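I am attaching a structure below and will ask some questions about it afterwards.
Note that the chains take the letters A, B, C and D in the order they are written out, and that residue 1 is the start of every chain.
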């Protein structure tokens, strides 16, 4: 269970990291949207491993195929099925994983839950599962862009203890993609890359923060109580592998302020109601207010490292495990398109929900 | 929409702060559970306003009535409907809210979404809506306790910049309820109370952090992809009014570490597989691992203050607003039972889901 | 579980026949709809027992209260909570039901499922549960009428072996309500009433058919695969107590025809595409085609009779049971507003779903 | 929307009759179930076209591939993705469908709903969509068989006006599959085949009834109100292409009886509570009572015929359409495995729901 996300724009992902393939079914996409495999591939290429030395160097082709729901270049309104085939895996690489639990991976909890586990890789916990999310997110972003001019831009603004304040109102995807760490400041990017490189050489890994802004989101999206916009966004982003924290607007930082400092005063911008500050992060009472939606996600240092670690085997005997070959020193650059995709999936779902009750 | 939460243990809340009343329907509660209005009232009393000078002093009786689903003291398996009547409100108190938008409240976004709003109070955005959650959470906590011995304890561990490290493995609800700020350390509680008192006298408000631990949660709860345990918990907690941030385990703080420092080594505790550290916060790959589940929620300083603020009226004209009478200088003490309730609702839902697929 | 119905216009009913009360929460109703308790009461009065000698003569007041979601006569867009209080029941009437299972009631299956049962009445299986449905259906019918001019008219067109062919294109609710059996033909109504009267005097009961037409339903409602319009309607109507069969359009009767006789030829009605016949009952491929939607529901003879019947007690010992006091010789007249309500709930849900994907 | 079915055992089908392929994702299947492509293929072969002269002779290979969720022959608990590739379609066969609406097909309603349609075939309305249902149903049947010994057997018991009474307590799948019309009586089968053959030669089609029995279903499955077992079964079966009617137990036929004739008396069968008759069809108050579940589905005569028919083109001009090549004179034999699959999907979902609330 739990492989479906969304209420009206609903995606279902499937597939383990090893086995036939991975994919997604998108149900509820409005008809007559122009969409091509090429557009979706652009986003997948931003997600895929092997883009640079600072992320995992495992090569994946990840060529997307649209199997249904698109006809003569346009969506039919019926389910869009998309998939990527898995390559033959070298099982030998994984033989040790069959009997030993990797610390801070999902090996042990899958066994505890199901009593069985595809030990040839990370199963559903693999970042490979996010291929379907990113593909569906590309469709969602196109709808948002066409129907409301929404722009979603994510970027790395912290690696370990190196952080940089980005102006969310103006940052562009081109600036973000200009370097391999996806921090829109060239100088900071260089420092971050050096830091990750050092960890990589040490067989270790680093975490950090991806911040994301959604601009031009119309006021009125989100529901008052449980399906508050920030609640659905929190769920979406905490469902990404390795995420450990979430903030909207002022987040934990806002706790330094008093209420009178934190409240966002309203003003009239040529008749349009706006706020002079944006501690709310574009959401008030669970509903978008038309200001930029601003979120932050903490991603832990990747669990796959090359250092020797204490662990137990499947029978509960204590042992050690030492990673071999390639590891992923920093998931952040690849998390950027994943974060954008999840934000888009939430926004498009609420956009459709709002249309249902509007005149 | 969006007033329903949960997949198998499903609650639907209803009611505005002003109008007939507020309530909840709990569908999916297992049969034959002993439950009384008194047990539920205990939790509601911990949530209600007017408990002390540092929270809102508005008096609410909040006497719960069970209208269905319980027969001769036992649950029937059918929907449990519970409600609390609203008291007559003095509309005069709210007349100004009819025409002016309170900064960082939901007044404006409700109007933007619906084109109509119950201006006599906060509508669904009122903390009063959480009565239903807390009542349902009391039922959930009883199930968790009986079926698995789960204990959930929340507490205030930060007010503005005053913070205190609590030992989650041993903290008790009695320690938490021993003072009005619900921080389990008497000395720190005194400091926090003084800080809030000062803000109160200034007509201002403060925010902070509620941390929550769930002990004795069996390994195996949570679903691999979108319904990861931390994702559902994040949604649950971000759906509470005034919450701005969420952390599981190491959270944002864990970003200071490398992967080799952050990974939780496994060891064998007389045959039971455990971890020596708990950066994971009891959840790995979205599934509980049997360790304590540890979460933190940031609550912003309450938006209702007594200071004069810039705002606009419903026609977009700039104006000022000055709160009158009572305000809520710090939501944290009352948020404690709300946080416990939401955690319980998520855990019981996943407990039932897990039973469905177990032998 | 299972007390919630609908995807965007979502109702949750609660309450046993004995206990505090029964009610419904309607979530997803569009804002700014004018609605009053009086309008809803009209439908409840058509549903309530004691309207005539041919239905159950148990008196119920069934005065509806709106507890939330309506402000100054208009819907807020937030949950509409409505309820009716239960009267004090004379438990003595039900003492025998505590120990003996009534044949073809739900007593035994509730015990088998839950191991507990509110033996003071029919619990959730009581027709009293439909109060919430009819109240919610009144709201749904108003939306359908205002947004699309939809008219829903149900009527009794068969009692036991007496049947009458009604013209669905012209029948009115006034014609239906002109007699106590709710058959729009005065002569047939008299015969039906005599037949039911005879059964009543014999302490027995009769079943029959309620047919329902929905006129002015726009083309395009319904989803291609599982949420076909007729599938959702079938579920809605088979969820009514005592229903045993469902037909759309030609139904079982259409099996006498060949495909060439059964297909509905298209023609152009001044540019509007229509069909010359309507074997399809207004639905093709699961989607409305703009013709009248025509359905039939079979209701079994009511299980509550006054004759002596063989049964077992809760310990499995064979015994006999003889009903006392009042019984319900024919559920059909009261089923008419229930059927209209369920059809309205399905149609309004699909109307909102269609708006979500339309330009 | 509407391509997902089930609450805990949840399937999502995708694919048009023409395009890449068709498939299904099964989410919520318990882990450690032995399952092979061969077992699933057996059911698909019973569904596929071209099995005999009395169904469509279009040849489809329909070779199933399991893409995920099964590891070393056992289910993982994670989504099972299965698919069948489409063959190259001869578009020329469909060119006329691009501009003319086939009577009683979904061509017009899809255009009315979406403003676009894959005119190369029936799109989602094609019987080809049911491949995914039958594949998922094979998994569901295996679970039901292993966990509770449930047996589901469907059969044709009426073609046009030829009908035959089958003993549901003893009929076997071998008897059903012994002839091409899937009526378990050899003599009646011969008559039915002759009748269909005559229609086939005339370029026409026939409808009829598929009856289905589920034996050994434990008491207690189903939910009291909206998710009554018969309600979910009705939805499941009315979602099959060409179905027009549904009955449970006595159905429309039971209307001839009075309540005293129709009620099912309880008796004690060596301590087990049973009923002497089964007008209820194994379901009382929406919940299974342990007796055989007995249902009937009416399938209309197939819309695809070879005779000339009046229709309109996409611009609303009146015209005629004459089918060419192959048609499907009777869908009933192929509907048998579809009906079994849908019944299995409903039962397994409720079996898992019941486990969630049981001790």
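The criterion applied here is as follows: a contact is a pair of C-beta atoms (placed from the backbone, for glycine too) under 8 Å apart; a residue touches a chain by one contact, two chains touch by 3 or more.
Here the structure is a predicted model, which means the values were calculated and not measured.
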Per Cα centroids, the chain farthest from chain C:
A
Across the interfaces C-D and B-C, which one involves more C-beta pairs in contact?
C-D
Between chain B and chain C, centroid-to-centroid distance (C-alpha), Å:
39
Just the number, please: Cα centre separation of chain A and chain C in whole Å.
46
Intercentroid distance (Cα basis), chain D paired with chain C, Å
26
For chain B, give me the residues that contact two or more of the other chains.
1-4, 7-8, 13, 28, 31, 77-78, 113-114, 123-124, 224, 353, 357
Counting only contacts in the complex, chain B reaches chain C at residues 1-4, 8, 10, 12-16, 19-23, 25, 27-28, 31-32, 65-69, 71, 74-81, 83, 113-118, 123-124
Flag every residue of chain D that touches chain C in the complex, lowest number first.
1-5, 7, 13, 101, 103-106, 108-110, 112-113, 123-125, 129, 158, 160-161, 199, 202, 204-209, 219-228, 230-239, 241, 243-252, 254-268, 271-273, 275-276, 279-281, 283-290, 298, 300-305, 307, 309-312, 316-318, 353-354, 357
Touching residues (chain side chain A, partner chain C) in the complex
7-8, 28, 30-31, 77-78, 224, 352-353, 355-358
